[in-house]
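Chain IDs A, B, C and D follow the sequence of writing; residue 1 opens each chain.
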Amino acid sequence: MITESLRPALAVGTALLAALLILLFGNRIKPNLREAITLTAAAIMAGLIFSMVPEVLKGNVLISNLWTIADGLSLKLKTDGAGMVFACVAGGLWILTSIYSIGYVRGHHEKNQTGYFAAFAVCLASAIGIALSANLITFFIFYEMLTLATYPLVVHYRDEKAKFSGRKYLAYTLVSGQLFFVAIVFVYVKYGTCEFTPGGFIEPGSMGSGIMCILFFMMTIGGLVKAGVMPLHGWLPSAMVAPTPVSALLHAVAVVKAGVFCLLRVVCYVFGPESAYWCSGSTILCWLAAITVLLSSLVAMRQDNLKARLAFSTIGQLSYIVLGISLLSAYSIAGALFHIVAHAFLKITLFMCAGAIFVTTGLSEISAMRGLSKRMPVTCACFTAASLGIAGLPLMAGFVSKFNILEGALIMGKPFFMVVLVAAALLALTYLIPVVQIFFGRENSAATLNESHGHGGRAGIDAAPAMLIPLVITAVIAIILGCIPNAGLHLYDMAIMAAEEITGGGGVYLAK
Amino acid sequence: MKENKSRKKLAAGLIIVIIAVGTAAVKIGAFLPTIGDADTPANSYVANYYITNAVKETHSYNIVTAVLADYRGFDTLFETCVLFLSALVTMMVLFGKEKVPKMPVKNLAEDKYSAAFGGDIMDASFRIVVPIILIYGIYVLFHGEISLGGGFQAGALIACAYLLDRIIPSIRMGRGKIKEETALIIASMGAFFYVITGILPMFNGGNFLEFAKLPFGSSLAAESIVKLHTAGILMIEVGVTVCVMGVIIAILEVVLERTDFDE
Amino acid sequence: MSELIEKLEFFLADRGIYMLTLILFAVAVYGMIACGNYMKKLMCMNMMQVSIIFFFLTFGQKNGGTLPVAIDEVLSAEAYINPLPHALMLTAIVVSLGTTGVGLALLMRIKDIYGTIEEDRITGDGGKKQ
Amino acid sequence: MNQIADHLPVLVILLPLCGTLLCPIISHFNINAGKRTVITALFLSIVCAVLQLIQVITTGEAIHYWLGGWAPPIGIEFVIDGLNGVVILLVAIISFTTALYSSPFEKLERIDRIHSAGYYSMLAFLSVGLLGLSSTGDAFNLYVFMEITAISGYGLIAVGEDKGPIASFRYLMTGTIGACMYLLGIGFLYAATGTLNMADLADRLTGLMDSPLIVMSAACLIVGFGIKMALFPLHGWQPAAHSYAHPAADPMIAGIMIKIPAYAMLRFFFCIFDEQSHVMQLFFNAIGVMAVIGILFGSLKALRYDTYNKILAYSSIGQVGYIAMGFAIGNFYGIIGAILHIVSHAFMKAGLFYTSGALKYKYGIHDINELGQVYRKMPVTSLTMVICALSMIGLPPFAGFFSKWYLALGAIEKGNYFYVAVLILSSLLGAIYFFRIMEKLFMGEKTAREKELPEKSRFELPWQMLLPLLTVVAAVILLGLFNAYIVNGVLKTTIWEVVLT
């Protein structure tokens, strides 16, 4: 059942309004009031999104058909299973990251806080917009908004290093965005529609397979860059110069997830599994993802900077999702969607831990963190739990999704990718468990004992509550989701719903 | 370096000349209408309408004036504006801007008898010439619609009279000078008078510049409409005259300000 | 010889004047590009405008036509030359006058600022590059 | 004047004209009153433009206004349809905001009465010329308006910064060649048809399209309009003129003075000539080549400079190429893209030049290296700069994106993928030079400045300058979000009925 409703639009609008208010009055009002705006907007937005979950589960589709944005195309938001999964994650995590951010920027005495929170709000608005958009042009508008809103966050420190990574970020995203743009126009001219249709609207054989393959990659390149799939991942590690909450946002919630979500939309809702397979785009994508999964894990092992290590871990985990999508079976797609959720909670926990460690002790190198568990027991515990989750241990959120993707690979008869997946899970253990070992190691290095370290260092046990509480919450949620995937918002059900929609309800897409 | 540059220019120019002359020579015979042929589209379509109807419709025996001031009066309005504008721009560019003196300027006021122009004979003769020019100017103005002439020429003549008056007499007897700003205001008033003439018919249900609807006619007989056209053309010619006069005086004054004839 | 002149006359009367005007135009444009002196450029510009005016007037010509001033209500179209190009060109003349006037004023100003109106000397000392 | 509604097309022009002619007279008595006369007249002109556009939309047909009451082939007529209704409104808005924007400069420069009155007169004349250019339906009348525009432009450039006169003189030379070429083109057309009215020309040209006269005429018109709109090989005058013009008038000169000839070119090439004919297709290809080279040349050249105005000027050369590319594409979406780009680029470029003027006004900044940390003192200016720049790059949801969208749509529909490649390449180059500016603005070091105005008021700039900035920001955003209403409500029918017949 399709109902017109303003709720999807309101969800996006709230965040945009918050951004506007912060930008206009941020410097005139007290910081507390400014943060209140962020938190209120986050709460309202989360409420709006969660309130739509029951409708979606009932099979209803809420559509906000706002206005005609270009001749023949309207700015349209709608709720479907896949979109709602992403929207719930992004909306839910905004509250937590906001609280964490407040703790972080205050603990760290950041400059330009107003701009920071405004850009943050725009990022989230675009992420929700990306999740809920119903056609390609709406999608592209939010996609580019996200690109732009992330830029000020990446260059937050405004030094040479930040400038450099900002340029790198822009070079990657703008070029890919322009290619994506051309592909969208081409699709619109050729097929006369831009609406996302489960199962795609591009018929196999409607153009030459070579051309379709080029088109496929022009459309996916936007997603590939944002998701950091291997030849196009360069911007991600250098974007690490940003403050930690930004990294958390970039890596766990908004940008990279928007990238994989973009891939999902293109592969499953524009091309559809049949065409994607027919033009052999999905096969190439599979290989790219597999290579990325393995390589990034290997690179991650060599990183001493905690954030850099996590960044490469992100690249690997996202390629997991990409692999899930491009395997084109219902299981793997559901797994990929759920991995968006799982990875979001797990990785955000990890990044928040890294940030908390940095603010509390001033440490960013892994080798210097020996014995940190005595100083920050809760943080280290959460870090451990999340690391295990990333590796895909049972009873953690990562397991459910990875298992589904494996099952998909099995059904599609691609044992090689199964091997890759298992190997990658083990590799994840190899680069994260040493960190945990160092945390819980016996001897204490000098730096960790230094009670009030450097700038903003804080005495007392563990991190500030504003940072500690969110990361505990995300860790707990990650564990809960691992035990009961359907807890709370029925995200797993929605993922399966979406996957069945895409593959035509048959559960398995059979390659012809 | 310098030579090189000019040679490049030369080459570019030559290319243009060759292309233009070449196309002209090869193609020209074929496609342009024969000169003097009365049946070409250019000479027969709208042009014939003007010739056959101008006197009837506008009561102006000079058909060019009829076209200029009545049929295409709107063009002429902006033509006048172009003139006003050029005076304005000249003034904006030159007025009040310090001239960089290259040599010490002689003080003319002290040197009574060595003014550049003038001298007694000229002083005497220009007094005879100026009134004649003025009268001729006014004649040209009013005669424009019957015979050759019109506002532009009249304005130029009147300004010419002023010009003589301004530059011929030696300094000691230099008479009243019209200030640059005043001249500009006169010019703008002339152009504005044109606009007003155009606006007046709008109060009487006509279009802009529709002289047949000028709110002067007491009766609406056919004859009076033609007379209204005459009145309209005359009014705009007066406007043009005043404007042209003002423009020339303004430019003259601005330039005179910066000129010493000894140079 | 006289035959040649006759031929030339015929050619000019037929379509040759167009060619002359266009050559004038081309020469003027060439002059505007090639002359280094701004005053000469301005004069060439004027020449160019004049050539256009000639061009318009030539095709307003009629064999046996007289000035377009109506005589004694003779109103047959053949009797008068085409008034429209003349009216248009009056406007064009005034416009070119305005342009030339502005050009001259600018030249005076340029002379004030740079002390010269030679292009090479103006652009030479940092005129072009910022 | 019993029925003002009947006279709207001419009132739009007459009001500024009266303003400009009265300005020297009134200024003689009261300097501020003269200025206010012009500003009021320009504002009323906006009102008239809006009313006339509404009239066109509601009645659904073009307004024909016969000047002097003479029927078209005999007299001059104004034709207002959906297309130029929009363009006229654009010109009116930018003229008004620019006039408003100029007044603080005057106080700053402490200029005398004549120069103040003259400045406003010239500004209003520029507006009159552009309004006339866009509303007239007569080819020769268009020439007169073109010259009005040009001469007032020469004046406004000459009174600008120190190199103004020389830039102005060069523009005068080139501009006059352009005007003469245009006149020559009209001469050929008149020789072929015997009429000057545009609609009549279109009628009488059917079947004549292969005549060499028309070919010559079209070639001359391309050169003429090309010079006026600074299309690539004919752009020589433009960078200096745009860089050294009076900083207050620059938004108008750079924003609309090169766009309206582009619109006039559209009129000639699509409404008068038969765009389907073989000859015109060749010419469109030529325009396409000029556009492509121009886009790349402008963008690459803009990378080389550090002067803010120079960057903007070269970027304009590229952006005019977009418009010409729309013509070259020549199908429905191409034209839509071109027209939307005329409108949106006018706002964007005007906005950027407003910011440039504001920077000069407040800090005397010309060079982008001096921009460091200015945004702390001038948030609104910086916001305008950012939004206009993003729009210039063509990022959604701003106006620039949608004109690019339509252009790409048209190009792909026609199968001309090369144009699309050029479009995105130019976007990326644009991103480089605009992000360079923004990087300097937000991340540069604060440098010593020529001057610093004492801060008297609560705002960063006088309200007369803030209002135009905000207008532009609003226009760029609204034009982006609601472009479909302009396309569907105003342009679509006109384009199908008038342009592509």
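In the analysis below, contacts are C-beta pairs under 8 Å (C-beta built on N, C-alpha and C of every residue); 3 or more make two chains touch, one makes a residue touch a chain.
All figures in this text were calculated on a predicted structure; none of them were measured in a lab.
Asker: In terms of CA centroid distance, which chain is the most far removed from subunit B?
Answerer: For subunit B, the chain whose C-alpha mean is farthest off is A.
Asker: Any idea which chain sits dead centre by C-alpha averages?
Answerer: Checking distances from each chain centre to the full centroid gives D.
Asker: Can you check which chain pair, B-C or A-D, has more C-beta pairs in contact?
Answerer: Spelling it out, more C-beta pairs touch across B-C than across the other pair.
Asker: If you average the CA atoms of subunit B and of subunit C, how far apart do the two points sit, in angstrom?
Answerer: A distance of 17 Å separates the two centres.
Asker: Roughly how far is subunit A from subunit C, centre to centre by C-alpha average, rounded to an integer in Å?
Answerer: 70
Asker: Taking the mean of the CA coordinates per chain, how far is subunit A from subunit D in Å?
Answerer: Spacing between the chain centres: roughly 44 Å.
Asker: Would you kindly tell me how far, in whole Å, the mean C-alpha position of subunit D lies from that of subunit B?
Answerer: 30
Asker: Give the residues of subunit C that touch two or more other chains, as numbers and ranges in rising order.
Answerer: Residues 25, 29, 59, 84-85, 88, 91, 95, 98-99, 102, 106, 109.
Asker: At least two other chains touched by the same residue of subunit B: list those residues.
Answerer: 32-33, 40, 42-44, 46-47, 50, 72, 75, 79, 82, 85-86, 89, 93
Asker: Residues of subunit D that touch two or more other chains: which are they?
Answerer: Only 140, 144, 147, 151, 154-155, 158, 165, 190-191, 196 qualify.
Asker: Pairs of chains that touch, anyone?
Answerer: Here the touching pairs of chains are A-D, B-C, B-D, C-D.
Asker: Could you list, by residue number, the parts of subunit C that touch subunit D in their complex?
Answerer: Touching subunit D: residues 25, 29, 32, 38, 41-42, 45, 48-49, 52, 55-56, 59, 84-85, 88, 91-92, 95, 98-99, 102-103, 106-107, 109-110, 113-114, 122, 127, 130 of subunit C.
Asker: List the residues on subunit A that touch subunit D in their complex, please.
Answerer: 67-71, 73, 75, 137, 140-141, 144-145, 147-148, 152, 155, 158, 162-163, 166-167, 170, 174-175, 178-179, 181-182, 185-186, 188-189
Asker: Which subunit D residues qualify as touching subunit A in the complex?
Answerer: Going by the criterion above, the answer is residues 333, 336, 390, 393, 395-397, 401-402, 405-406, 408-409, 412-413, 420, 424, 427-428, 431, 435, 439, 442-443, 481-485, 487-488, 492.
Asker: Can you name the residues of subunit B that touch subunit D in the complex?
Answerer: So the residues of subunit B touching subunit D come out as 23, 27, 30-33, 40-47, 49-50, 70-75, 78-79, 81-82, 84-86, 88-89, 91-93, 95-96, 180-181, 184-185, 188-189, 191-192, 195, 198-199, 201-203, 205-213.
Asker: Along subunit D, where are the residues that touch subunit C in the complex?
Answerer: Where subunit D meets subunit C, its residues are 140, 143-144, 147, 150-151, 154-155, 158, 162-163, 165-166, 168-169, 172-173, 176-177, 179-180, 183-184, 187, 190-191, 196, 243, 305, 307, 310.
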